[in-house]
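These are the structures in question, set out in turn.
What follows is a pair of complexes built around subunit A, which joins subunit B in one and subunit C in the other.
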Partner chain A sequence: MKIELLNISKRFGSVQANDDVSLTVQAGSIHGLLGENGAGKSTLVKVLSGFISRDAGAVLLDGFPIEIKTPADAIRAGVGMLHQDPLDFPPLSVLNNFMVGKLGGIFINPRSASRDFKRLATEFNFQLDVNELVSNLTVGERQQLEILRLLSLGVKTLILDEPTTGISASQKVALFDAMKHLAAQGKSVIFVSHKLEDVEALCDEVTVMRQGKAAGHLPIPCPDEKLIALMFGRELALPLKPNTCRTTPALELRDVTIATDRLTLRLGNLTVCQGEVIGLAGLEGSGQQLLLLLCAGLLPASTGSLTINGEDMTLKPYKEFLQAGIGYSPADRLKDGLIRGLSIHEHVALRHVSRGWFVDWQETLQRTLQAIALFNIRGKPQTLVERLSGGNQQRTQLALLPVPLNLLLMEHPTRGLDIESVLWVWQQLIARCESGTAILFMSSDLDEIMQYSDRVLVFSGGEVSELIDVADLTVERLGQTIGGRFSSQLSAVHP
Partner chain B sequence: MEAAQILPILSVAIATSTPLIFACLGETITERAGVINLSAEGTVMLAAMTGFAVAKTTENWGDISLLLGFASAAIVGVLIALVVAFGALTLKQSQEAIGFVLALLCADLSSFLGSNFVRIPGPTVPSFPIPWLKDIPLLGALFFQSDLLVYTSYLLIFLTAVYFYRTRAGLMLRAIGEQPAAAFARGTNVILMRYFYTLLGGALMGIAGAAFALDFKAGWSHRHTAGYGWIALAIVIFGGWNPLRVALSCYLFGILQSLASVAQSTIPDVPTQVFTVAPFVLMILLLVLTSSDRLAILLKRLPPIVSRITTQTIQSIPPAALGKVFEQD
Partner chain C sequence: MTKSFFYQISSFAIALIILTGMILLSGASPLAIIASMWGGAFGTLDQVARVVSTLAPLLLCASGLLFTFTAGLYNLGIEGQISFGAIVAMIPIRLFQDVLPPALVIVLAIGLGGVGGALWGLLAGALNVYGRVNEIFAGLGLNFVADGLALYLIFGPWKKEGVASMSGTETFHESLWLPTLANTDISPISLLLGIAAVVITLVVLRGTHFGLQLRAVGQNLRASYVLGIPSTRQLLSAFAICGSFAGLAGSLQVLAVYHRLIPSVSSNLGFLALLVAMLIGLNALLILPVAFFFSALNVGSLQLPLELNLESSLAGVIQGMLVLFALLGRGLSETLPPQAIRRQIAIWFDKKQTAKG
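After this line comes the complex of A and B, so read on.
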């Protein structure tokens, strides 16, 4: 189905989210929508899928103007959208999720729905158990379920909003294969992303958005610099990772095992030097987070000892970890990192404990303004953290970390951020390394691991590799290692 | 105690649980849609008063007076639910606060408005043993020697369960209470549906009130149904928002009450208040026990299949969006 969006405009309060944006997607093609966070990509596709009403402009499907006011209208017109956060029902089974909202008689028909589901799943080579609860699925599997559901509704245009965030490498491959399969059937796909490499790997054509406007349309392949220039209006340089490693150990683990009811992780011995960056690679839930929690003092080791800057911290209370200069930055910013309902100012006040009973709001306001300026946070002191964009939340979280730190633990330091913010975050992290902070970070972005780590730990199926020097690795080999061919790959690295 | 004694206790217990069945299923339907109607205590009481007053006033019209009593009680339930729905869904205010205030207000209102109807005889639902079925050994005595209201409650349990788990609309109802945004994405008018189920639940709670005043606790007095609204809210949690489990929990409560009244007559030394309160206390203890972490840990030690089935049977997880405001763009 050919999609034409003509001169779409949409304003939220004082923000012009879409400003006279036009876009044409040919039937049977995969069209990328590229731009940094807040460029207006999501707004545009939400207008097309009926979640947001537009202020001006027109939508044409196969040349005919159409009025899409609700998601139900969009589905009837053959437009389905896969949301960044899966819009599904975790306590229900896969099959029930598949059936919710399907039209038909009064009674549900699980048997025929199950048949439909299995037929579609086979066609796209997705392995999903119809009776499994959605709460037990990974984000990638929930996407697969949602895609199958939309297709079963007869969707001819599929919109994917940042679908590669939070899914594994193999799920990404499966997703891309499925998209290509759909395009080959004559369906059109709109792929919203801030990741250059994903757009380049998948799309036939790309529209770049910047500050609510369509900055340009380009065919793919096309050189990176050209896309980046369109995205940001200027060129960006990757920060170089200087060698900041020193010889003094910052963190030492001896014979450590961590046991949870899901996973027993044997970490063995591990020494990380001051100024060193360690990347933790692996599928989500393979134990990377356990290691970070252990080092943060939030999870006790079952056996073994933990030393930070020469001081034995085994089984010490969390407070002493804080005093020992440990910083922890969780992935779920609004759940574990920041506090919903409090402003940036209040966060700063919480962070810097005032003497006495009263908060010195004047002094903390000065600190807040400094932090906002220094960390380039787009927000005011009184802005509530949940009103900030993802990138600015991450900047706030970084601003709240104490200085100096001996050890900085980061879960997905740049998840969901646009390239400019990613580069900025890493500049800050590298600056910390230069002052001697050791960093452990987990990421599902292999390029990020390769780009910034000195050494890498690979987590796979309850096992943990030795520390591998990043010079001995390539993205491909790392990907295979994560995917399970663990011992053979590692022995190839360290014969 | 002999079997011959147990049977009448059970049959009384099942019959007297009927008002709670209506109230609890009403609340279950409402809460499954994501709205918590905390006004149950006040709704049941005010509806009981209204039902009795209307039936009493129209007593001379014959059998229709009972129907009018039930209908007016249902309307009271709907009106109170409408206040909850309007406050929660349209004004987007705290559902708990609105419901709680209504619970107190309507309870007092029932005393004020019903003062002319206190302790006077009124019409009651006539007994109606079902031919044939009443003669089935055991089951007949247990289930089929009551009145039409009791049989309606059986039907209601069955229909609610079928609706929840076998119909498209029921699946959507469960979906709305879990993830309203996702339900909206699938083409449902979430606010409208929540209004509908809140009012429907309110009507059932109203009928529960009339079921007390016109049948199982016939008549009206100051705070005639005190405590039953609150226990209905607890039973919904105890029943894990599943109509069948909720119904079983109601019967369990009914049996506890029957046993308490039997105990009262056999052990006259203990103060009567102990037995009146005992079923409430026992239900709350059971609730604490089944929702405790320790139980979950114990269950994990069982073989996987046994543990999964037991967990599903006794664990009680509320609808994820229960009591939360949903903004529909």
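After this line comes the complex of A and C, so read on.
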């Protein structure tokens, strides 16, 4: 289906999220929508899929104007959207999720739905069990389920909002194959991303957005520099990771095992030095997060001991971990890290408890203004954190970390951030390392792991590798190790 | 701010329109009702006194509920916390009324009432925090337990000499009654405690670390734990503070109003305070005017059956309506932009104009 968006505008309070944006997507093509955070990509596709009402402009499907006011309108018109975080029902089975939203009739027909599901799954080469509970699926599998569900509703245009964050390399290949298959059937795909390499690998054409406007339309292939220049109005350089490792150990694990309901993880012995950066690689849910939570004091170890800067911290309460200068920065910022409804100023006041019962609002305001200037947060002290963009939330979260910091634990430090913010975040992290902070971070971006780690831990199938020096690795080899050829790869690295 | 103000005012206006419609439908005149209720609340010194004496426990309970609402908790157990406070306040009275000087017994009764309410609140809190029972169910359940306990005491160990009755325990000696102003029901001590509770609530929630941390816990339990806030302690404190304020109100019901323990000694004041708290949101400054208004409605409506042959439950209908529409206005202000409504109104007027022309 051919999609035309004409002069779309949308304003949220004082922010012009979309400013006179026009865009045409031909039937049978994959169209990329590229831009940094807060550029207005998500707003634009949400207007098209009925989640947001536009202030001005028109939507044309196959040349005919149409009013899309709700997501249901959009589905009826043949437009379906795959959201960044899967919008499904984890306690239900795959089949029940598949049947949700189907129109017609009072009674459901599980048998025919199951037949439809299997046919579609085979067509797209997705391996999903209809009886499995969605809560047991990975993000990538939930995405596959959602794609099949939308297609079964007769969707002729599929919108994907940042679909490659949090899924494995093989799932990404399957996803891209499915998109190409859809385009070959004459369906159109809109692919929203801030990742250049994904857009280049998949799209026929790309629209770059900057500050709510369409900065340009380009055919793919197209040189990187041209796209980056359009996204930011200038070129960016990667910061180099200097060697900041010292010889004093910051973190020592001895014979540690962590057991949860789903996973038992043998970590064994691990020593991390001050100033060192350790990348934790692996598929989502392979235990990287458990290690971070353990070191943060939020998860007890089943066996073994944990020493931080020479002090035994095994089974100590969380409060003592905080006092020991340990910072933890969760990936889901508004769920685990920041508090909705509280301003930046109030967050700073929560962190800096002065003596006595009363909050010193004057002093904390000074601190907040300093933090906003130092961390380059685009917001005012009284701005509520949920009104900040993802990048600015991450900056706020970094600003709230304790100083001095002995050990910093980060989940996806740059997930969902635009390139400019990514570079800025890593500059800050490297500066911390230079002052002796050891960093453990998990990421599904292998390039990020290769770029910034000194050593890497690979998590795969309930096992954890030895620490591998990053000089002994390439992205390909790391990818294979994560993909399961674990012991053979390890012995190849350490013969 | 202006946007939510627009919605608050509109929802208030709509509530008034609907109420007027309901009154007209029942065949009465709204103006007569306003006049009658005004007279009922402020006509005589006695009636004003009754408004003020209802106000005191309402201020205490609404202040307490502001703590639990801030912590994100729906403390529907406040009724039980009032009752249990009243029961505990009876203990020193029964034990020491002939032994200790009356002033000391009164202080003991008020103090222990607060402690009793706090314990009853903590019990709901412990069920919620450690037992993973939803605080609404824990609170409602404990309300029945407290009421049952009061009934047991009234008909059992504390029964009147001769025959036990629903009218409660034996009235205690007048020296233990809280002093009142002149010949009215106004107890300056009750009123002072109520106003003190409002001031404490304002100061604690706005200015202290505890208040800020309570807000953080109420908005996001997990993130505040990660930020190093002792969230369990915060939640339990909110229950205890709310319970102690309610327990104080309970002891005042015994000492200043009934001068004995009666069944359902809370007189639904806790639920009325819940309405007050819901109407004002988290704005502690509004406790005093709104609680005063509600208390005037309650007392004023008693005049309705006498003068206009109407049910006095009209006060409850008015209160419920106001709260319902205030919540509705708050909900809508988060979903609908006021421009959309203004546009709809403009379109509507446009159509009327064209229809006329």
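Simple rule for what comes next: the second predicted complex is superposed on the first by the 495 of 495 C-alpha atoms of A that agree within 3 Å, B and C clash if a C-alpha of one lies under 4 Å from a C-alpha of the other, contacts with A are read in each partner's own complex, and residues count from 1 in each chain.
Convention: a contact is a pair of C-beta atoms (placed from the backbone, for glycine too) under 8 Å apart; a residue touches a chain by one contact, two chains touch by 3 or more.
The structure displayed is predicted, hence computed values, not measured ones.
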First (subunit B), second (subunit C), both or neither touched by A:324: neither
Subunit B versus subunit C as contact partner of A:359, first or second or both or neither: second
Partner chain in contact with A:1 - subunit B first, subunit C second, else both or neither: neither
Partner chain(s) touched by A:102 [first = subunit B, second = subunit C, both, neither]: first
Which superposed partner A:91 touches (first subunit B, second subunit C, both, neither): first
Subunit B versus subunit C as contact partner of A:341, first or second or both or neither: second
Partner chain(s) touched by A:51 [first = subunit B, second = subunit C, both, neither]: first
Footprint overlap on subunit A, where subunit B in one structure and subunit C in the other make contact: none
Footprint of subunit C on subunit A - complex, ascending: 298, 318-319, 322, 328, 330, 334-342, 346, 349-351, 353-354, 357-359, 400
Residues on subunit C engaged by subunit A in the complex (per definition of touch): 207-210, 212-213, 215-216, 219-220, 222-230
Of all residues in subunit B, those that touch subunit A in their complex: 166-169, 171-172, 174-175, 178-179, 181-188, 300, 317, 320, 329
Of all residues in subunit A, those that touch subunit B in their complex: 51-53, 70-72, 75, 81, 83, 87-92, 96, 99-108, 261
